[in-house]
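Listed after this line are the structures, all set down as structure tokens.
Note that subunit A is present in both complexes that follow, paired respectively with subunit B and with subunit C.
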Partner chain A sequence: MELTLNVRRGGTRRSADDSHQAYHVDVEPETSVFEALVKVREEQDGTLAFRGNCGVGFCGDCTMLVNGRQEVVCLMPVGKAQKDDEIKIDPIPYAPTVKDVMYDAKRFIWDKVNSFSPGVVFNGVEQVTEEELSPVRRAMRCTMCGICDQGCTVIDVNLDFKGPAALNKVFRYVFDPRDGRAKERVVEAGETNGVWDCVHCWEASDHCPFDIDPTHRIMELRDRSVRLGVKSGTGNRQAARHYNAFERSVEHHGWLDERNVAIQSYGGLIRGGLKMMPTGLAALRRGKANLLPHRKRPGASAIKALFARYREVTRTER
Partner chain B sequence: MHDVLVVGGGIAGLRAALAASSRGAEVAIASRSHPTRSYSVAIQDGLNAALLPGDAWEAHAADTSAWGDGLCVPEVVEAVCRSAPELVRELDQLGVPFNRSGGRNGTALACLKLRGARTARAAYVDDMAGLVLTQTLYEQAVRAGITFYEEWTATSLAVGDGACTGVVALEQATGELQLLGAKAVVLATGGPRRLYEPSTASLHCTGDGIAMAYRAGAPLVDMEFVQYHPAVLKGQRMAITEIAWAHGAALATAGGTGVGEDDPGPGAFLRAIGQAAVANGGHVELSGTWDADQAKGLFYNTSYRVKQLTGLDMAKEPLPVRPAMHRLLGGVAVDAGGATSIEGLYAAGECAGTGFHGAAGLDGNFLLSAVSSGRAAGLAAADHASSTKEPDAAGGALDRDRTRVAEALRRPGGEPLAAMRRELGGLMHAHVGMVREAVGLQEAAQRIAEMKETHGSLGAGSEGRDYNFGLAHYLDLGSLLDVAEAVVASAHAREESRGVHFRSDHAARDDARWSVHQLVSASEAGPVLRESPPGA
Partner chain C sequence: MNRFAFYPGCVSKGSCPELYESVEQVMDLLDIEVEELTDVGCSGAGVLTTEVSDPINARTLAKAEQMGLALMTICSTCQGVIGAAALRLQDPEYRAFINKEYLAAEGLEYKGTTEVKHFLWVLVEDVGLDELKALVRRPLEGMGFSPFYGCYLRRPADVVGRRERRTYIEKITEVLGGTVVNISGKGKCCGFPSLTINEPNALAMTAKHTGEAKDNGADAMVTPCPLCHLELDGEQTQAAAAARRTIEMPILHLPQMVGLALGLDPKGLGLGRHFVSTAKIVAQLEPVEAAVSAT
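Showing the complex of A and B:
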């Protein structure tokens, strides 16, 4: 089929009216967008800059926007991608651009991944089970294509947030039973722009092409962090406190004591109380809160027993 | 000046770097892409090792040699198969989550029975061993403090007084050429898959390391042995994972006639599929005994990609596949420690001709070979570096390459280069593929010589320095043509059939005459061949 590829050209500066160059190619509908771009680069224009190597979705290097949607372009057939025989190709917008449709993978991915201590540090545990390793294996399907980071609502406003890809890498270490550094790792992951800065919007899980469910991995890192006694890193203490207050409230009341969770999240009775005072007074005035003591849910003792049982079971885990 | 410079960031290169670093050497890796973007990630099978009770390294060695059709180097086969279980356990402890057997609570390494093995012997990581090994070794390389030159393309070896003192490399972002000096260099640049069409090649499989060594005077070995993959998706580069054969994969024509079912040797098996595909409209159909759960589990990575590329559900539908060029079994001639004929120059992985595979390579032995040869070469390179004083930087290669690149930037490129590569791919597949004969090989040799002439008059097509892919394409085609001439010359000289080398004009194996390896060296007059007895 005859196609027009409209490819963004230019350097690091992005603007709403980025110029696009039209390239005409004749390829089969099952040809991937990547192969079509390679054909253009080899036959028509050697200056066209984009990355990509393996062509079969494993190297993760060819992520681009295709008609406005982020794709691993070697897994996207042109027949599926085209609209009226045209395909518009742009660099992913959350990452800085290097040239044409090439994004700054060092800044967007690798500096973040490598800011966490790399490499399993073998702890001598040789007998590990399939049950323990299969979640690690699932996390390691990751090709670092960056699509989850491109969907991340935090990176959208804060490029320094480590993002789901890098945090999934931490998950891979922390949940590998052969690694002896879990505690140090959750401390690192709890620093500013780490696990506690995720807003669990679940976009990462919706975006991940390989069903790694990265948002869930971040939640599991938080759980493991709390279980290892690291209740908050040096980073977003408020999110960590909220996490703990939420848990305590459900444990003791059987449901959520919103008033106290808010106060605890903002730093406890004095600091949190003062901070929440104007909101609390406004809520009182409008009848949205009262000063009565928070009531336990019927059956709260059974819920508390569940917590106790959970603690007992998890204490015996490695 | 580095102690050890590794060229190539795939599995062999990363393993070499870690080995050299473990000996205390200061190590750098120069790679065309970020290391985890290397071709290695697309390898999906596993690593053969006699891990299960009742298996033994001798049995692994026997299977390897039987497949290798009389041309494996026995000492290398013994060394690799003996050390294989240790190599796998080492990877496991570095963090590779190999599959376990025995259900959820099983702890023993699980093994699959791949084609050509008499028993279950391949340790695996679902269907993504290459991806996970590359990621894990990269993690450890960062941990070890190895220096990375990412997106640097090596263009030449710096050789002075018969010793390799570094590599000339092009920084893609700036277009600048620099000499990366080193006391020892390890080539781990992969195979020349882009030489053939169809193939499983990624963009960087250009054989550039093999070509650099060849141009620097190092002989290449076993270059006639080019192995096709039996089942590559029609119209795509994606090979259907070798572990499918552990789950009842079978090939059939559209009429339901089985292909290659009596399990002949590797060469006959591949030729049978190739012939059936041609007779069947370009492909045969692959199906297996896997179900939807396995397609989502063990075959997740394959089935997802197949679905994306073709819309087909491999749990329910047969896949259209045909053979495509996969691996070169030869490469830069090395000894058991990875040393080439040039002092200070080592080679590992697919660019190295170790003699392990012989005339046909066994599934599950390639990843093993990458790890094993990588470790061996890394250790030998570190030892060499520690006993060598800092060499004088040989500037000749840098000056030559600066001139070569400056001239190429001013010459036209683009479509004439692309046309040449398309022709070369078709030519190699037609005349130097699964079936060869003298006339076709002579024709190929003639055309390649002409193409080399024409290539010299072409160039990058534009003068831009930053990320000039036209320049990369021009340089890559030069590498491919150098490798092509060595492959064709070797295939033409070997007048017999053995392993994956099949000559329709010399269809029998001829042990009396051809129990030898062929070494090929570059000269002004073209490739020069000599023979070396096996094991020598």
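Showing the complex of A and C:
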């Protein structure tokens, strides 16, 4: 089929009206967008810059926007990608652009992955079951394509958030039964821009084309972190204060007292109280809140008993 | 008559009393009868580890099961977290573990049969859009609403179930006579989960969504999640200041929008209790009588 690839050209500076260059190719519908781009580079324009290595969906490198949607383009046939025999190709928005559609992979993913301790630190466990290893294997299938970033609501407002792929990498080590550094790792992952900054919007899981289900991995990492007694990194105690305040509220009242949790999360009655004062006063004025603390609900003692049991169950399993 | 076990959640009993009041009035008009569960616990909201929230939610599910009723929620987060627990508890081995270790002490057992449904889903699937339309006494004509779902009513796909549930707010808005003003972030995070952890992130999200609704010409946003409401309404002024712009976008709870169209009094629906003024919305409403005589 005859196709036009409209590829964004230019250097690092991006703008809404980036210029696109049209390349005409004659390829089979099942040819991948990646192969079509290689053909352009080899036969028409050696200056065209883009990333890509394996060509079989393994390395995750060739990610770019195809008609506005982020794809791993070696897995995307041109026949499927085209719209009226045209394909518009742009660089991914969540990383600096180097040239044309080539993105800065270091800033996009590797700096984030490298900010966590690498490698299994052997703990002496030599035999593991397939069952124990299967979640680890699944996480290891991540190709670092970063398509999960496309949905991520945190990356959307803060490019420094470590993001699903890098946190999934931490999961891979923490859940490896042969690794002896779980606690240090969850502390690292718990610093600002890490696992506690995830807003569990489940977008990453919705976007990942390789069934890593990264949001679940992040939430499991949080659960494991709590089990290990770690509720934040060392530099952002607020995350731990928030968790503890939330837990205390539900444990003792059965329900969440969201105003009190907010005050406690911001650092107790004085600091938190002052911070919450303007909102609190406005809420009072509008009849949205009253000054009385939450009362215990019926059933509070049963909920408290569940917490006590949870502590016993997780202690014996630890 | 539709009957449900009702799980109002913490926030409708705390910082968003107007949600509880408005849903009660709307349920009356729609012939939805509920039995409120008063002795159950907070869902954990995705904050608490599932190791403790699953037992709490299994207890809630077991109580609804004993009543022989589906569980109705009015909060996207409650829905998503209890819904996910219900899904995990479909696994007989895990259910047996939770029953034995946690529920047995209280003489409870969860058999895995409780359906969990948000009020938004009940409106479309149990009440029905035709029935809803027939009850409209004050069509929201000329008013534009941007839907804002709350993450947990969009994802994960296996917990949310039917795909078309991702478009229910739009359908309801149209049935009520309003215009849908689309925004790209309608299924994104409002920012609330990060509010006390990474405030700049939270405020940036809020400014983005409310700002987009304003730029697209919405008169209000509507949400089925009180946590989104706390954020989009309660934090909007700070978010707008951080983004160096003015927004002033009224945020309605879903039952408030429905209630307005069914002819209920805006004050009674708690529209005066929001942080961002809803006065402009109220001023646009036709008197109910006029609307009725006109039809």
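Here is the rule we go by: the second predicted complex is superposed on the first by the 306 of 318 C-alpha atoms of A that agree within 3 Å, B and C clash if a C-alpha of one lies under 4 Å from a C-alpha of the other, contacts with A are read in each partner's own complex, and residues count from 1 in each chain.
The definition used in the following text is that a residue touches a chain if its C-beta (ideal position, glycine included) is under 8 Å from a C-beta of that chain, and two chains touch if they have at least 3 such contacts.
It should be emphasised that the depicted structure is a prediction, and the values quoted were computed from it without experimental measurement.
**Student:** In the superposition on subunit A, see if there is space for subunit B and subunit C together, and answer fit or clash.
**Tutor:** fit
**Student:** From the CA centre of subunit A, what is the angle out to the CA centres of subunit B and subunit C, nearest 10°?
**Tutor:** 140
**Student:** On the A-aligned overlay, A:203 touches which partner chain: subunit B = first, subunit C = second, or both, or neither?
**Tutor:** So A:203 only meets subunit C here.
**Student:** Kindly classify A:42 by the partners it touches after superposition: subunit B alone (first), subunit C alone (second), both, or neither?
**Tutor:** So A:42 only meets subunit B here.
**Student:** After superposition on the shared chain, which partner residues are touched by A:215: those of subunit B (first), subunit C (second), both, or neither?
**Tutor:** The second partner, subunit C, only.
**Student:** Contact-wise, after the overlay, does A:52 reach subunit B, subunit C, both or neither (first, second, both, neither)?
**Tutor:** In the superposition, A:52 touches subunit B alone.
**Student:** Could you say whether A:15 touches subunit B, subunit C, both of them, or neither, answering first, second, both or neither?
**Tutor:** neither
**Student:** Working from the superposed arrangement, determine the closest approach of subunit B to subunit C, counting only CA atoms, in whole Å.
**Tutor:** 12
**Student:** For subunit A, which residues count as touching subunit C in their complex?
**Tutor:** Listed in rising order, the residues of subunit A that touch subunit C are 153-154, 156-158, 161, 192-193, 196-197, 199-203, 205-206, 215-216, 219, 222-223, 226-227, 236, 238-239, 242-243, 246-247, 249-250, 254-259, 261-262, 265-266, 279, 282-283, 286-289, 294, 297-299, 302-303, 305-307, 309-310, 313-314.
**Student:** Which positions of subunit B touch subunit A when the two form their complex?
**Tutor:** Residue positions touching the partner: 33-34, 36-39, 41-42, 92-95, 97-107, 125-126, 128, 130-132, 135-136, 139-140, 142-144, 150, 173, 201-204, 235-238, 300-301, 304-305, 308-310, 413-415, 417-418, 421, 460-462, 464, 466-473.
**Student:** Taking the touch rule as given, give the residues of subunit C at its contact with subunit A in the complex, in rising order.
**Tutor:** Touch residues, subunit C against subunit A: 10-11, 13-18, 38-42, 44-52, 55-56, 59, 101-102, 105-106, 151-152, 154-157, 188-189, 191-198, 200-201, 204-205, 208, 230, 234, 272-275.
**Student:** Going by the contact rule set out above, which residues of subunit A touch subunit B in the complex?
**Tutor:** Per the touch definition, subunit A meets subunit B at residues 28, 30-32, 38-39, 41-49, 51-61, 75-77, 98-99, 102, 105-106, 110, 114, 117-120, 122, 126-131, 133-134, 136-137, 140-144, 173, 176, 178-179, 209-211.
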